[in-house]
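Which chain is which? They are A, B, C, D and E, in the order written, and residues in each are numbered from 1.
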Amino acid sequence: MAVAPHALTREVVSARIQGRRADVGGTVFKYVLLSALLVTIAVLVILLYSQVDRGSEVLTGRLGDFITSKYSSLPTRSGIIQGINGTLTIAAFVIFIAVPLGVGAAVYLEEYAQKTRLTRFIDVNIRNLAGVPSVVYGILGLAIFARALRNVTGGASVMAAGITLAVLVLPIVIITSAEAIRAVPDSIREAGFGVGATRWEVTRSHVLPYALPGILTGTVLSVARALGEAAPLIVVGAKTGFFTGGDFGDLRDNFQALPSQIYQFSRLPESSWGGNTAAAIVVLLAIVLAVNSAAILLRNRFEKKR
Amino acid sequence: GDDNDDAGGGGGGGGGNGDLSGTVAVSGSSTVEPISSAAAEAFAEENEGVDISVEGPGTGDGFEAFCAGETDISDASRPIDEEEVAACEKAGIEFIELKVGFDGIAVLTSPDNPLECLSFADLYALIGPESQGFEQWTDAQELATELGADTEFPDLPLELTGPGEESGTYDSFIEIALADIAEKRVEEGKIKEDQAETTRPDYNSSPNDNTIISNIEGSEGSLGWVGFSFAEAAGDSVKAVAVSEEPGGECVEASAETISDGSYPLSRSLYIYVNKAKAEENKALSAFVDFYLEGLTEFVEGGGYVALPEDQVSETTSAWEDKTVGTRES
Amino acid sequence: MAPDPDTAVETRRTEPAVDLAPQAGGHRGAPRPSKAVVFETEALNVYYGAFKAVRDVSLRVHEHEITAFIGPSGCGKTTMLRCFNRMNDLIETARVEGTLSYHGVDLYDPGVNPVEVRRRVGMVFQKPNPFPKSIYENVAYGPKVARLAKGGTAMDEIVERSLRQAALWDEVKDRLKASAMGLSGGQQQRLCIARCLAVDPEVILMDEPCSALDPIATGRIEDLMDEIKQQYTIIIVTHNMQQAARVSDRTAFFTAEVNETSDTRTGILVEYDATETMFSNPGDERTENYVTGRFG
Amino acid sequence: MAVAPHALTREVVSARIQGRRADVGGTVFKYVLLSALLVTIAVLVILLYSQVDRGSEVLTGRLGDFITSKYSSLPTRSGIIQGINGTLTIAAFVIFIAVPLGVGAAVYLEEYAQKTRLTRFIDVNIRNLAGVPSVVYGILGLAIFARALRNVTGGASVMAAGITLAVLVLPIVIITSAEAIRAVPDSIREAGFGVGATRWEVTRSHVLPYALPGILTGTVLSVARALGEAAPLIVVGAKTGFFTGGDFGDLRDNFQALPSQIYQFSRLPESSWGGNTAAAIVVLLAIVLAVNSAAILLRNRFEKKR
Amino acid sequence: MAPDPDTAVETRRTEPAVDLAPQAGGHRGAPRPSKAVVFETEALNVYYGAFKAVRDVSLRVHEHEITAFIGPSGCGKTTMLRCFNRMNDLIETARVEGTLSYHGVDLYDPGVNPVEVRRRVGMVFQKPNPFPKSIYENVAYGPKVARLAKGGTAMDEIVERSLRQAALWDEVKDRLKASAMGLSGGQQQRLCIARCLAVDPEVILMDEPCSALDPIATGRIEDLMDEIKQQYTIIIVTHNMQQAARVSDRTAFFTAEVNETSDTRTGILVEYDATETMFSNPGDERTENYVTGRFG
């Protein structure tokens, strides 16, 4: 070719293949990336440490009480059982409404729907829905689920809140699931169709299992988001003060949830309530952690199977 | 009355009526919320059948819901105003006004600030509508002097933080400290009519008292106001300034005594408003109010506020027993 | 135009195009007992968007025979093959014109269910594409969706038989539960053959099934084809002339024709006849050049 | 084989291939999916319609004024320029801090880092961080960016808020980017390494372009989330009342943002402020829409190139 | 043990394993002028996790020669090939033991930069894997990262030359900007060959480069190999005995040996010698059976 014949002696070759082409971009990049990671980790550590520290008195002194008591205006007697119940109920709504609906819509869009102008329009709209501020969902939830449908939901109840948050995370579930489904190689679909499977069989047996880790990631992001939203709950009508009730299973009753409870605690005098605020944050983090761990276990189980 | 005849009802101790059922919704001032909460908690312990909730979004928000018929009791850190009365009337809601206690408004600054005492005129010069744009304490000196004050302001940047418009504390502060001077200034043509009931617009407002306190403790030239109980809870991290009504008048520090005997000029009364029609048809509601008033002193003091003197307690009790409709303040 | 009805071009063609000449030579070669026609295409054109990939193909595929498709790369063999079980439906831009019948039934009739077609017309793809699952599951999936076996020993038997037929059993019998993605290229290809056999189809379309196989495995697959053609109909795409000559009964030679105007290449059927004829005495010069390796 | 020889006549074949195997699951499923989609679309329509309707007076009567004026306590004079400025600035912080850091960290984790116990631990933690309630980030932002670093940020400034929200969405950017990068087929990497490219070159030229649509999706979700968060801004110290300033570019100054302004509007008397609330929501939605449209355009450009 | 230093097994082997016997036969065959040794492996073992895929391979690859690797599917040919340019580094479970030197330099020395190795030892993969970019970009990418040309006409020339060498130019010259993913299987394979040639490497590793190619394209690629071996060193994996016989100078025959205890299969080098010898007069019965097609 254009290049002169190589005189390949041991020395020449050794020099050549041991040389490192100036990969400055690569090296700089690598350290930039690493520091990005470290910053992120540092945030977690600071966050956890500061909260555990501030809440240590409550967490070590009266954790059982704190978790099982209702809210009281006395900081030393106040607990968060109502918030825990509400948060778990809301999570259940999200998991049982938003996840199936969202994954279903994503499957429909990616596997069934023709790629027409209409589906593109729908796709754009779903992306826009994901960007609607959560307060707006709160306003919507108040108008529709807490007021217009009060006969069903019982007013500003945990059911209204759960449905509102399910609607809030629905677009996120759809988008992340659709992304995961789109990443499934076509050759796998062809293999399935090739042995005479229906579209539904191909979807169920091959597309969904392959996309599952990605779908789980999106789902967990959504559930976690729902667990952490305070503003729409407050707008929908989470009780921010003392109330009786809020028991687990009271779907059509007054409710409280951990994030709004934390928000409320954070407005009470810091000196006496700071410990409760921090302890409630730690409990919420523990719940999020549990949800995540469950999802990661599931994810690993399915990734191994790939 | 708080009859205690049915001993079989529930295992709750004391004199509750375990058979009561129904719902009671309380909302309104976040200042009064701890008092109502304490009452509600004690009541709920004895009456498991009653669904009761207490919230504290703010006095104004509370009246809005109350006059829409959404709540049974509205907590207030100021008397109901004319607009709100009109709204209630329009909705056909009659209410019973019950005074439950006193709260002071503490004027706070940083412990590093040399200032010891401020008069209403000083406060007007620093916070009132004419102070818009003042960035240094000394910027207000001229106006304060014009209003007859002789306080010497420190040469520090002025950093103001206080509650926002939705708060009863904001309204009370204007009402008590600024309104009289502002009225005069309107007459003198220095400010416009619609500015009379406002503060300067350019200050840091927050609905969160902790944020206010932390802003105040953060800088030397800070100034702000919060409810007395919050100031007390904040301890030594901030300094409560003594207040005098007239320039050169007696400087009084906020304390339970000075607030209850009325000598601390920035003190206000706390109220609950009960929906009369609902109280008549809802046994749980009337029982709750009975219970509330019976333990009133305990609840008020437990919340960090100043209890009513004996005579006013009985005034309140009789207003409730007579179901006196309408407001006697304003 | 084409006296031998089994191999020649349809006489009903709509356009008497110039490129039909070579196919007219198809009536030489030893006459065979006429077998039932499985596929019959008539003036088939396949497009990818605006690009015409295959033009005017008319041919008949016979039952219990092996039909080989040969021709240079890019001439549309894969494209043709994918028409026979409607796999082209899955490519959004692909479009088929003309008629294609299966046992006399129009395959592209709106009433036809492509799933049922594919269930009966199996396919081995050019690039091995095992499911990212275990070896066992790869083979068992087809029979499961076709309800041929529910599982258990019946399924085990199908899996073993299919893997044996595809000459893979010995190499994987101890790791049936291992992932198919860890297999070598040739092993994956045989797995895909086994997967296709497992559903017991009527027709098997094989797109270069032996391209990644060593001579031993290739020989086994060829033996298999010979054995099963008693029951099945097979179409095989191959680049290996010896293989086409060895195993097939009929051979179709495609080539790509450069379009004068647009400078794109469209696949056409040059000649289709009994394999013996095609290799010993082809009717078209291009066929002769191709099969004898006189390249150009 | 085990099956009897087929007697394939035209009739038999016709009956067979025209028959539809009872695909009840598939059909039911399809309609479930479709209704999931319709519900989602319905929500959007209701949302938009109700807000545009409620805000129509403001939107048609004084839109220019509304967009260019500062907040005032008079509903008829109040505008949202400060909120718009704050929101745009915060979006800029998220785009210029969280996106590069997040994508960088994802690339590092997926392409560079060895899969050790440590990276798995980091991965789990990032997933947990994504689940931390936004209020908690607000508390963290107040403590760190608004107070500890007040010399840099100028206190409760838009800079503090922007950094807080950047930190808030960082884990989401990392997770969605990592998911997209993981979906890049290994054969593409091998092809790149095979011609002698360095890891950085392979990442830049092949992995990132291939993963770009997925990364963009995640990024847009994150920016949209940041545009819509109210609670942490309020905690950090968004001004919820009148204030001077809030001009574009005043990084170390007092600030307001649209979501917290909407939250504030929504708490003022409905009769006089409802129109402003709705109009502000519509403006925020329009901004989200613009961001999304830009991202979708980008996405399509890069998808075509695949 | 192995008098012919060019083809025989290394005498420094650490373990005198029983399976070495066949390789001892490597010293027959016509002696050739001894060319420089490019690769030398010594007792090379390759593992995937705990699974030993290749055992104890010792061989020498010579400059300006074509070395063919043949053997049944799954015997480790691809695995071996990927050791020569350290592509195995990219498989997390893969691990290499023993030594492998390139022009006397230990390839697995920590000081060696695998990027530089791959730049000089190019590879054509078993499954065609074009970048999901345009045809032009596919070919131009290697020269770009190797800074052989900045773009413009210099790059255009490299692209054209490479595509011509890979016998693809005529088919794609009018759609260089079109996506490589729309090419047929064989076109993709030739594109990957062109991509590899474009960086002007010292050694080219080809894993079944003609498996999806028709005889015409195959002939062109074989001609190409013959032409460029004056400047390059080529190792080719092939399942086509004729091809191995036609093009290669030396042939290595691998097979998979069933391990008695674990029932897994490990690849071993059975015999390595001049191609003539391997096909006319092999030293090992297994080789003879394989190359003559006496299967089993």
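Worth a mention:
To be clear about the criterion, a residue touches a chain if its C-beta (ideal position, glycine included) is under 8 Å from a C-beta of that chain, and two chains touch if they have at least 3 such contacts.
Just so it is clear, the structure is predicted and the values come from calculations on it, not from any experiment.
A centroid comparison over C-alpha atoms places B as the chain most distant from chain C. Sorting all chain pairs by how many C-beta pairs they have in contact places A-D at the top.
Inter-chain centre distance (chain B to chain C, centres taken as mean C-alpha positions): 87 Å. With each centre defined as the average position of its C-alpha atoms, the distance from chain A to chain B rounds to 40 Å. Chain A and chain C have Cα centroids lying 48 Å from one another.
Across the assembly, chain E contributes residues 115-116, 120, 127 that each touch 2 or more other chains. In chain D, the residues touching two or more other chains are 21, 23, 198-199, 201, 235.
Across the assembly, chain B contributes 57, 207-208, 214 as residues in contact with two or more other chains. Pairwise, the chains that touch each other are A-B, A-C, A-D, A-E, B-D, C-D, C-E, D-E. Residues 36, 38, 63, 102-105, 107, 109, 111-113, 115-117, 120, 161, 200, 202, 231 of chain E touch chain A in their complex. Per the touch definition, chain D reaches chain B in the complex via residues 72-73, 142, 147, 150, 155-156, 234-235, 237, 239-244, 254, 267-270.
Within the complex formed with chain C, the residues of chain D that make contact are 1-3, 5-6, 8-10, 12-14, 16-21, 23.
Only residues 26-27, 30, 33-34, 36-38, 40-41, 44, 48, 50-57, 207-210, 213-214, 229-230, 233-235, 302-303 of chain B touch chain A when the two sit together in their complex. Only residues 48, 70-74, 78, 126-128, 171, 174, 182-187, 190, 208, 211-220, 239-241, 256, 263-265, 290, 293, 295-296 of chain C touch chain E when the two sit together in their complex.
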